[in-house]
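Two complexes are shown next, each including subunit A; its partner changes from subunit B in the first to subunit C in the second.
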Partner chain A sequence: MASTPRKAAVLAANRIPFARANGAYRRASNADMLGAALDGLVARTGLQGERLGEVAGGAVLKHARDFNLTREVVLGSKLAADTPAFDLQQACATGLEATVAIANKIALRQLDSGVAAGVDTVSDAPVALNDDLRRLLMDANAAGGPLEVAALLPRLRPHHLVPEIPKNAEPRTGLSMGEHAAITTREWEISRDQQDRLALASHQQLAAAYDRGFFDDLLTPYLGLQRDDNLRADTSLEKLSQLEPAFGTGEGATMTPGNSTPLTDGAPTVLLGSEEWGRAHGLAPLAFVVDAEIAAVDYVHGHEGLLMAPVYAVPRLLARRDLSLEDFDFYEFHEAFASTVLATLKAWEDPAYCKERLGLDGPLGTVDRTRLNVVGSSLATGHPFAATGARIVATAAKLLHEKGSGRALISICAAGGNGLVAILER
Partner chain B sequence: MGDWYQQLTSHPLGRQATSLLGLPGPAQLRRGDDPPPGPVLAGDAGKGRLGAHLRRVLGDLHLPLRWPGDEATGAAEDDNACLVLDATGLAEPADLLSLHTFFHEPVRRLAPSGRVVVFGGVPAEASSPAERAAQHALTGFVRSLAKELRGGATANLVQVARDAEGGLDSTLRFLLSGRSAFVDAQTIPITRSATDASDRSRPQADRVALVTGAARGIGAAIARTLAADGAHVVLLDLPAQGDRLTESANRLGGSAMQLDITDAAAPTRLADRIAERHGRLDVLVHNAGSTRDKTIAGMDAAAWETVMAVNLSAPLRLTEALLDRELLSPTGRIVAVSSLSGIAGNRGQTNYAASKAGLIGLVDALAGQVGGEATANAVAPGFIETDMTAAMPFALRELGRRLNSLNQGGQPVDVAETVAWLAEPGSGGVNGAVVRVCGQSLLGA
Partner chain C sequence: MATTTLDETPGLPGLYAKAALSAVADALPGPLGRGGGDRADLPDRTVRQDGARLDRDRLAAYQRVCGFRVSDDVPATYLHVRCFPLSVELMTASDFPIPLVGLVHVANTMTVHRRVGSGEALDLEVGVADLRPHRRGRVFDITAEVRPADQLEPSWTSRSTYLARGRGEGDDDAPRLEGVPGPAEGRTATAQWRVPADTGRRYARVSGDVNPIHLHPLAARLFGFRRAIAHGMWTAARALATLDGRLPQAWRYDVEFAKPLLLPATVELVTERAGDGWRLAVRSSSGPEHLRGLLAEGERGGR
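Coming up: the complex of A and B.
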């Protein structure tokens, strides 16, 4: 039956190492990085010249000329030029939303194969003209002749030349993501020590994963970088505890550059396909995409923390799949800030909160910390906004493949109060 | 063009100077599939058993052919480019005079990059001491003749076992072609007949090849050559070389595998990937290699262990894993890249030479073990122009280049073509051989 949904498999993945802002990739554009990641995926899978169903990707910080970024990258890649592509953007959840989009199309038999991707650069971020100058130039463009254009010149003012640099701030509150997170951190009384310990684990586990070759078939070196250069394999609680707070003020200022993700550049890709398509191309499933749930919170009027949407999405997803929070072998939670992860876990253990906010009978449950981000996450790898989702999907799929069977829960909080969560299974 | 000596000698003044000094100028070698620039002169020394086979192969090559007693094809005044002699019929020392008879005249007028191919029997199969002596004499003859040839010409001996006559085709084609440019004064055994249904222009079509150390140098050339022969090549190298691998794999339409072959999990990972992606492996080339040069007195144990792990232990373990899981196809070809150091020995390379000699032992064992029409062979490069040799001190490098009968270093493609010949489906007759790609190096000769 052509209409019966089927499971979409994660078949392979590739990313370039993530680089701290203005470092190894400062001369690379989004297109360069996504192109390198895609070429590495094609080389790993031997798919040169192949027409894939569709490629979905996106970037948060994007130049106007990159309106068709993903399609342009496909055209410059080793894939067949008649591989379609589209751009999408959902802030930090972009890569996961791309995965869900492609997986759903595969499940519905609209595609047999596809690539989900994301990319971001803060080193080559678009700098916009300020609004007044932009209006002036639009007027000039609309003006009839040279004389009319000349007549507009006296309107030019020095302040017009100050560019608008993209800010990591919520438009409706003016607060940065870190400032928002600081509010949540204080509300949930997440201590500095807890945050530092989570950050330490992220670094240590990522370093160990590299050492045991976990990333040998998930990553390709780029521009001289062989590992994420934010990784501090030798960091320690002492070192982390000495860092000055970066967000929040006074006593409660516990968030430091050590337990918050730094701005980073990078690009991941994930190859998805039906089992049959995979078999025909010699690619066995690493894991299957089972389901996903999106939620959003009203952080504007102060009802909820900006990054708490996954707290709402997960119980809805579990209810639909008839699963409990304990039914997972791996929890892959994006570490926007150590405190975000810790507040999420704490919220699910809080009976009153679960009752009042989530409408549950009691606590949602407890996440076994030994199954959380077992090969490190964003605190250690860094977090190029749109890139993180596809990185996590690849990691979760590989973990399930290594284990042989099991279930992974992926959770990503995003700007705008969005949160996207998904289940992978094998 | 890193070879200043070659440039010097191709300049008229330079040529004068070097010939005054008595130094021969290195010839521009004929490479690739360029046909020999002249006719083939073929003949018999005594009552050979290969006549029909040689005629068949030479006929298929569509070259002008001169066979005493036959009507010659091609222009009469052209210099011969290839001299092919069936010497399997030599039964006693007195018969050896026929070598003089056959070569005495034609060797004076051999076209540039000419080829001498002498076919003998396997001395150990001789039925009398006299025949064994005569057959063994061929080795010394060919090696000396190779030293007398000029202009990029080579001479090689092929020893064809009884009932293995049908296994010589791919070897004769290889030796006459430009692909064997740097293979000189070798003794190549043909131990059995072979079937060959492959397309001559794409002998590796529909076959899967794995090349370790494929990111650069000789390994990259091997990958390129096998891909040009039609194989799907899996290019393997260290994860740190991943970007170069990606580039090559995408250019060649192959696939990249990032793996440290010394990892404990490497054999399983490799076997899993071959099983999953391809279901079988047709060509396995152990090329990855490493050096840590020091005299044994000055060498630490780590330098010993690194070299041994990469060059010898890893090929052993990877091969065992693939064979255990029956992933090598019935016409599978294992080729190990050894080294002249492993044969001749080299000061400062006790670890490296031991590992490379060990590889030859491994190939010996595998040749008896692989079964079916599969084979295991080794190539032993001499001085090859790569990043590795470019880093040598100037004087040593110059010496390395000149100390062979062709007066120049080989190119990575010369090793690659030799590997590709052994890897052909039609080369089932060559099993357990060690073929040097050294231009008849003076070392270890």
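Coming up: the complex of A and C.
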């Protein structure tokens, strides 16, 4: 039995540029965007008509009719129609969880190849029936006859006309992600200036990466966009410092639209495969998926920040791989908010926190800032929730490929207090 | 051959108004009227528009209504829509011998030599050819061609056959339309479409083809149809969209419109592999065919 695990390689990647909400992609659905990204990947890798092992993808803001989103996209794509697919969803970690799922199946020889993907649109978000009206209609559906239906009519209310719109709020706290992050920002005393500097670096480094052609083989233009349209190549510390705060109150209100990610539309894809499969298809590995760790925090009653789960996941992953925090050439940390990244770094340097919360003997360590998000991240690119994971995997793999060898640490915080981290190597 | 070059896309509402007025004039006797179908010569003239651009919002709306994915790949059938105002310009000009009102689109064949992207500047050219007798009147072809701006090799060519209903000028032995072979008789349907009553209005909005027979049952009744009928090119596009991702690089799509598709309707799509292409039919579950199509791999043109 061929049961020895093998290495799963990142062989190629493709995404469409990310677009700010209600802009360039306002006419596009999740299926349209994912289809465009997938067909771009197929065209670049010459996989037209090929049956791949499986495609995993998902979206956070999803219409009920899109329950089989990824499979439907595959059926309309240039891949063979008998390529299987499944949907998964883990908020902002969806794309990375899809990568881990496909990579694990490849490692276990259940698949030879696969695609990990994610997509999200806030411009074509599902707006549902008012929930009270929905319940009434379900009752009407269950009613025995016209008289029973008629008896339900007095329950109709004017407020039933108000639709249910997806909210960016945690169900158990009623706080938006930004409001949660504002609490963490205040607790860790992350200054406005530090946040603005991180945002500035994100924009400058993403712009430089575009200019040197880093994304040339990672991107297919879509609906007139050639680059992420949230990118502000000419922004400055001065411009960023003038923005009004968006989250938090009073003195502690340091989070602005400039150092928080904007609502964005977009879709990335990553092609994974065994080395043999890649060789047979003329595709050399960019990097290998080595390991991953998921963690969650009790942000409801546990006095921990909503977006702090990666802080817990990383030391567990490092311990399992017998690595230290300093053993990486690249750190690809999702910039949900500039302060999230900064609070994460600060937590790992704090002896008391590392001891009490993480159960370590001392500080986990220090991240070399010159290796952090070196070609920009979510603050500049934008952040279509489920899409970000696969975007970051592509970036980390390409960076390792450019360098020739090395190791990258990926970290993504997600709604619900989840956090997923992974290691790529070459 | 004369060529009329337009600076901008002609406005369809104005052209339709002109067509309606000339329909009234045709009905008048004597010197005021045009006297009906005495003239037989088609104008030896083409209408063209150079460097035309596609509007991404309109394209997306079209893609949505016809079941295509919203993408930068321009559906071949949309190029028909994009050239349509030019053909109406040609058919409503004073040198055109046949009234526009009442024309029936009976067939179309289009060839894709290479992909057309939504950002391309395009040269469009439309002509008319082959007025010939038909057992139910006369038919002629509107030819259309789309080239990347300033290039000679077309990306897309099309020939649409229109019937001017009237006294059959030939008997039953007169040339019929080229028969398009459909899928094998009795083949199980691939899909069922529920086609809503407003399909004609929705397609009219995205195509500009506001022929009243598609818009409302009452308007359709004036022209002898029991209910509003779907645009043939909507049915052709909707069928083509089901093959998204499965088309060869270059191909030809022949469609023949049989029985009108009265709205609303539930119809079946039947597909059958034919070499590297497909045979298609859209039929009602009770039997009659609305569309028959053949999609065949073609020569790849251009560079």
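As a working rule, the second predicted complex is superposed on the first by the 412 of 426 C-alpha atoms of A that agree within 3 Å, B and C clash if a C-alpha of one lies under 4 Å from a C-alpha of the other, contacts with A are read in each partner's own complex, and residues count from 1 in each chain.
The rule is simple: a contact is a pair of C-beta atoms (placed from the backbone, for glycine too) under 8 Å apart; a residue touches a chain by one contact, two chains touch by 3 or more.
Everything numeric here is computed off the predicted structure, so don't read it as measured data.
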Message: Quick one: is A:Tyr222 in contact with subunit B, with subunit C, with both, or with neither? Answer first, second, both or neither.
response: both
Query: Any idea whether subunit B or subunit C touches more of subunit A?
result: B
Query: Counting only touches as set out at the top, which of subunit B and subunit C does A:Gly76 meet: first, second, both, neither?
result: second
Task: In the overlay, answer first, second, both or neither for which of subunit B and subunit C A:Thr94 touches.
output: neither
Task: Determine, under the contact definition given at the top, whether A:Ser377 touches first (subunit B), second (subunit C), both, or neither.
output: neither
Message: Looking at A:Gly35, would you say it contacts subunit B, subunit C, both, or neither? Reply first, second, both or neither.
response: second
Partner chain in contact with A:Arg27 - subunit B first, subunit C second, else both or neither: second
Task: Figure out whether A:Thr340 sits in contact with subunit B (first) or subunit C (second), or with both, or with neither.
output: neither
Message: If I apply the document's touch criterion, which positions on subunit A are contacted by subunit B in one structure and by subunit C in the other?
response: 36, 39, 78, 221-222
Query: In their shared complex, at which residues does subunit A touch subunit B?
result: 36, 39-40, 42-46, 48-49, 78, 213, 215-217, 219-222, 226, 282-284
Statement: Within the complex, subunit C is touched by subunit A residues 27-29, 31-32, 35-36, 39, 75-79, 81, 221-224
Field: Residue numbers on subunit B that touch subunit A, as the complex places them
entry: 232, 239-243, 245-247, 249-250, 253-260, 263, 265, 269, 276-279
Subunit A contact footprint on subunit C (complex, rising order): 56-57, 60-61, 64, 69-72, 118-119, 244-246
